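I'd like to ask you about the structure that follows.
Letters A, B, C and D mark the chains in the order given here, with residues in each chain numbered from 1 onward.
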Amino acid sequence: MPEYLLPSGTLLGAWAAAGLTLFIYSFLYKDNPLFKLGEHLYVGISVGYTVVLTWHTVFLRLLWEPLAKSVGEAPASPGSYLLLIPAALGLLMLARFIPKIAWLSRIAFAFVVGFGSGVAIPRVVSSYILKQIEDTVNPLLVRMDGGLSLGLDLAAPQSGINTVILLIGVVSVLFYFFFSVEHTGAGMVTARTGIYFLMIAFGAAFGYTVMSRMSLLIGRFRDLITFSGAAYGYATPILLGVTIVTLALWEMAVRRRAGP
Amino acid sequence: MKAFARRMIGIDRRIIFLLIAAATLLPLLQPFGLPIKVSPEVKAVYDHIEKLPERSVFLISFDFDPSSKPELEPQAVALLRHAFRKNLRVIGMTHWLTGTGLADGVFSTAAAEYGKVRGKDFVFLGWSPGGGALIIAMGQDLYTAFPSDYSKTPTRDMPVLEGVRNLRDVNYMISLAAGSSGIEMWYVFGKDKYRFEMAGGATGVIAPGLYPFLRSGQINGLIGGLQGAAEYETLIGQKGTAVAGMDAQSATHMVIIVLVILCNVFYFTLRGEKGRPA
Amino acid sequence: MIVASILLLLLTGGAAWAAPSALPPPEGFHALDTPNDAGRSLSLVWKASPSDSKDRTVQIWIGEGKGEGEFKIVADFPANTRYMKPGEFPFWAQPAGPGDHYLKLPSSKAFPIEDGKPYAVKLLVREGDQEVWSAVAQATSRADLFNTAQVNNLMFVLAFTGVLLASISAARRNPHVRLRRIAGLDAVDEAIGRSTEMGRPILYLTGAGDMSEVPTIAATTILGEVAKKVARYDTTLKVPHRDPIVMAVCQEIVKEAYIEAGRPDAYKEDSNFFITSDQFSYTAAVDGIMLREKPAANFFMGSYFAESLLLTETGASTGAIQIAGTDSDHQLPFFVTTCDYTLIGEELYAASAYLSREPVLVGTLRGQDFGKAFIMSALVLGTALATVGVIFQTEVFNYVLDFFRDFK
Amino acid sequence: MIFLKRQLPLAITFIMGIAFALQYYIPHPVSEEAITSVSKWMQIISGFALLLGVASLFHVHAVKIKRQVPGWGYSFVLYLGIFITILVGFWGKGEVKVDGAQTAFGWLYDYMMVPLQGTMFSILAFFIASAAYRAFRARSREASVLLIAAVVVMMGRVPLGQFLLPWTWDVTQWLLNVMNSAVRRAILIGVSMGSIALSLKIILGIERSYLGGGKEQ
């Protein structure tokens, strides 16, 4: 191996990374065998990865190790057998493989869904209702130098004028969500205001997100540029060529098959 | 005209993809270096390092992993360049196991640029578990928290750590964090107790949430996202990947804006046509 | 010599003048178990003094039992800090009076505090070379069984439960509640019809959440309604999953829907299938399904993250009718711009009521409307009261406003 | 039997729901412990359920291979991906690094999973542009305000935009701080009403479709 090249693990890694990156990008042209290859490999690896991680973090670390440890203690405390409950519920889930007793899995569903619903209620009230009301309710006037003033500074988020706009926004959008009130008359005006608020906010959020998405692309391109160096054995340009040629050949083959 | 507009409005989206790819790639290969407005919160970090005497101890914590690399790596590079140029003693570490290799690579490259020697001018301690507990341990005794550095050299008697017993002997520290917990944790368990000055660097997504810390003086400066990194590169006069990245950002944003304007021009050209266009 | 003696006189005399006879000891100092906490912590309260300044420091010394043993210093801070913060506690659970000094002393490595054991605490106030001790206060820490600061939260939950049950039973007696239109739901039939005509499948996604998340549950309920229609039209339904439990639940739901629609023969177990739980490989696979099987209608219900636009933009390129419904506010901009119809936020939860027109569900919507009306009035009245409070410089409205604050 | 099939699940839901709703109001360490351990239980249950998922995936692709549907060869690629990953994963005991040296599992993660993930994620950059071109048309007044807000924010975010139209930066801040928070707040409040109502109905056994249809009669 020539000396300027990187160690083989890194080198092979760079080729794999550059190749897979280009295969996935080929999807932007159209669905094609290279993308299918990348996609299926990706799904396979991710499933394998989840299985390995679940085995180690869930079965070994959360279930087996604590059980083995507490059972090994003499005398074992009754509380240490509590972990058998989720294990039993997990096994009930697997009852779905046997149609006759598949209904047993409902017990596990009930456990999961009941927990989720219960946990949600007070937390939703706290952070989505009380906290939101608390942040919205602000005095419209502030006391400054002994006098009262309505803050007209749009740039200060807490100013009086912004508090009013915020309040109008929250109320009108909330009104838009009313289901049992028809949007007619004054209701229509309020609901329309709500829609305008919604659209402006959605537009702003869309525009705001562009930057972070472009950062991702910059990151990928930068990696590809790195991999095109001599130390990486010119991985990017070579693989780019391979990708383009493969796509061209495939396109020709498809046309020939579709031809007369 | 209308035929043209009709064709353009239903343009093959692959042409748009090509435009975006070009607008990203070209500035990366050939940055045009648009002027960057430096914000006071980034300037504060720069000024503080600028004022430190030679051989002061600068601690930099890489609290991120490869998924935040595009934004935080340029920040790290710019900071290291500045510190090495000022002949500071640099200590590196990370709270994120998955970020260890990346952080070590950044260190090696920047040090090579300035001919700095591992163990004498800088040290990369690597990763150790514990989060907040690790910071407390470092505050009590650096050598029990990190008995050896990333390359397995014992830290005790390392020339770079001469006179450094614990976090109290650190002159300045910065946490480059991909989650708000990084900077908060350093403040709560570190700065608050061991009284060193600190700053923060963060991804664009979490930076806005850190302004309260800046206002209350818990951190003395804040570098936010790629923009912040570009500002820092401008300050040290070495325009690098972040400035190029911001050029690419400008270019792609403008491409999208121009596309939106054009599509509306085409749309209004067609609108006169019998009723409403599809 | 004379000058020197005058100077000396001035200096000593000046010092005697500057230092009052003694520092005042902290007034009203007492210790208590920190209210509404998980234990292992004490709270200290003492009155604020106008002479508190940043040059005067306060130290906290703590010892075990009644203070017969050794005291240890655990905190040290300027005397003009650690006040009761306005708004930190609701009026019904104030540990100290307004303006008092208040300090929570948690268990620490330096001095561990255990529940059920008495402790003695005293303050040392220092300024220059003067210092004065407070009286010794005693307290015992314990873990509490109910957080009284959150009583407003519980009241809200109970009241809303009452309203909900009342409106459900009202809807049972009189099921003819008028509901406003939701365009996205009118389009469901159109989408299914079109798929049938074109002989193409319908793709339905239940989002990124697991079965313990409410938007996922809503998505599965809507799936039941959609599956009933699909069964009647005899179209293919494809539901790729990211969570195996959600998949299992959806299999039950779809099966039941086919039975209810009288078409148990047409049900296929593998219309619900699992791909992977990883975000972007799932997305790649679903994009692949969209491009290869070209479904005529795509439904995106439940909670979504960055994958939303990757899914909808691919779906749009295949010309499918796309109907989305999500409460993930950060993804709504992308659904709204790329889908034909989007159920925004709460509309997702209302969808199954609209589709089934069952009195129970319709009654729920009415209950939700009452809840929103209540919150709307709280917002408007609250702002009015807060403003009046500023005008008349009174805190009296906090007795109302505190009910609408979130306390930890 | 009917009791076991219908009533028992409902009873479990009810008990779990009430218990963990009340848990929130109890600061006692026992209550804190309860929610931490039950959250772990949830992970264990989903761990078992993963077997259902993997079985389903295997089944779908086995059918593809058996019937030789177009593209069935890719199903082999998928199997290959799964088996190799599991193999190197168990071989390396699920660790990505041992004594600072990368394991084969770590290599697979760093050079295949991460780039694949990053690439799929970065496709958003292209799609956000094409979506903007298609959707940002001034078809109606609502669509117009949406597109204007988006364009202003895009200008205000980048150096070139701030240079050309300096006011866009301030307007961007205002749009995000005021307009966007108003809307998000209203959506959150509405959503919370819906989700509390649904949770309550589930706990009280009024909504039971998650058990497979069978509405309250």
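Keep in mind that, in the parts below, a contact is a pair of C-beta atoms (placed from the backbone, for glycine too) under 8 Å apart; a residue touches a chain by one contact, two chains touch by 3 or more.
Just so it is clear, the model here is predicted, and its values are computed rather than measured.
Centroid analysis (C-alpha atoms only) places B farthest from subunit A. The interface carrying the most C-beta pairs in contact is the one between chains A-D. Subunit D has its Cα centroid 5 Å from the Cα centroid of subunit A. Inter-chain centre distance (subunit C to subunit D, centres taken as mean C-alpha positions): 18 Å.
Each chain gets one centre point, the mean of its Cα atoms, and the points for subunit B and subunit C are 30 Å apart. Between the Cα centres of subunit A and subunit B there is a gap of 23 Å.
Residue positions of subunit D touching 2 or more other chains, listed in rising order: 21, 24-25, 42, 45-46, 49-52, 54, 57, 71, 102, 110, 114, 116, 118, 120-121, 123-126, 128, 130, 132, 134, 136, 146-147, 150-151, 154, 157-158, 183-184, 187-191, 195-196, 198-200, 202, 210-212.
Counting partner chains per residue, subunit B has residues 13, 17, 20, 24, 249, 252-253, 256 touching two or more of them.
The set of subunit C residues that touch two or more partner chains comprises 150, 153-154, 157, 210-212, 214, 217, 245, 248-249, 252, 275-278, 280-281, 284, 292, 332, 334, 336-337, 344-346, 350, 368, 372, 375. Interchain contacts (touch definition given at top) occur between A-B, A-C, A-D, B-D, C-D.
Interface of subunit A with subunit B (complex): residues 28-29, 210-212, 214-219, 221-222, 225. Residues of subunit B touching subunit D in their complex: 11, 13, 16-17, 19-21, 24, 34-37, 66-67, 97-98, 100-101, 126, 150, 152, 227, 230, 246, 249-257, 259-261, 263-264, 267-268. Taken together, the subunit D residues at the contact with subunit A in this complex read 5, 8-10, 12-21, 23-25, 35, 37-38, 40-52, 54-55, 57, 71, 74-75, 77-86, 89-90, 93-94, 102, 105, 107-116, 118-126, 128, 132, 141-143, 145-154, 157-158, 170, 172-192, 195-196, 198-200, 202-203, 210-212. Those residues of subunit A that touch subunit D in the complex are listed here as 9, 12-14, 16-18, 20-21, 24-25, 27-28, 36-59, 62-63, 82-83, 85-87, 89-91, 93-94, 96-97, 103, 106-126, 128-129, 132-133, 135-136, 154-155, 157, 162, 165-174, 177, 194-211, 213-214, 216-217, 219-220, 223.
Those residues of subunit C that touch subunit D in the shared complex are 36-39, 143-147, 150, 153-154, 157, 160-161, 164-165, 168, 210-212, 214-215, 217-218, 220-221, 224, 241, 243-245, 247-249, 252-253, 255-257, 259-260, 270, 272-281, 283-284, 292, 306, 309-310, 312-314, 316, 327, 329, 332, 334, 336-338, 344-346, 348-350, 352, 358, 360, 364, 367-368, 371-372, 375.
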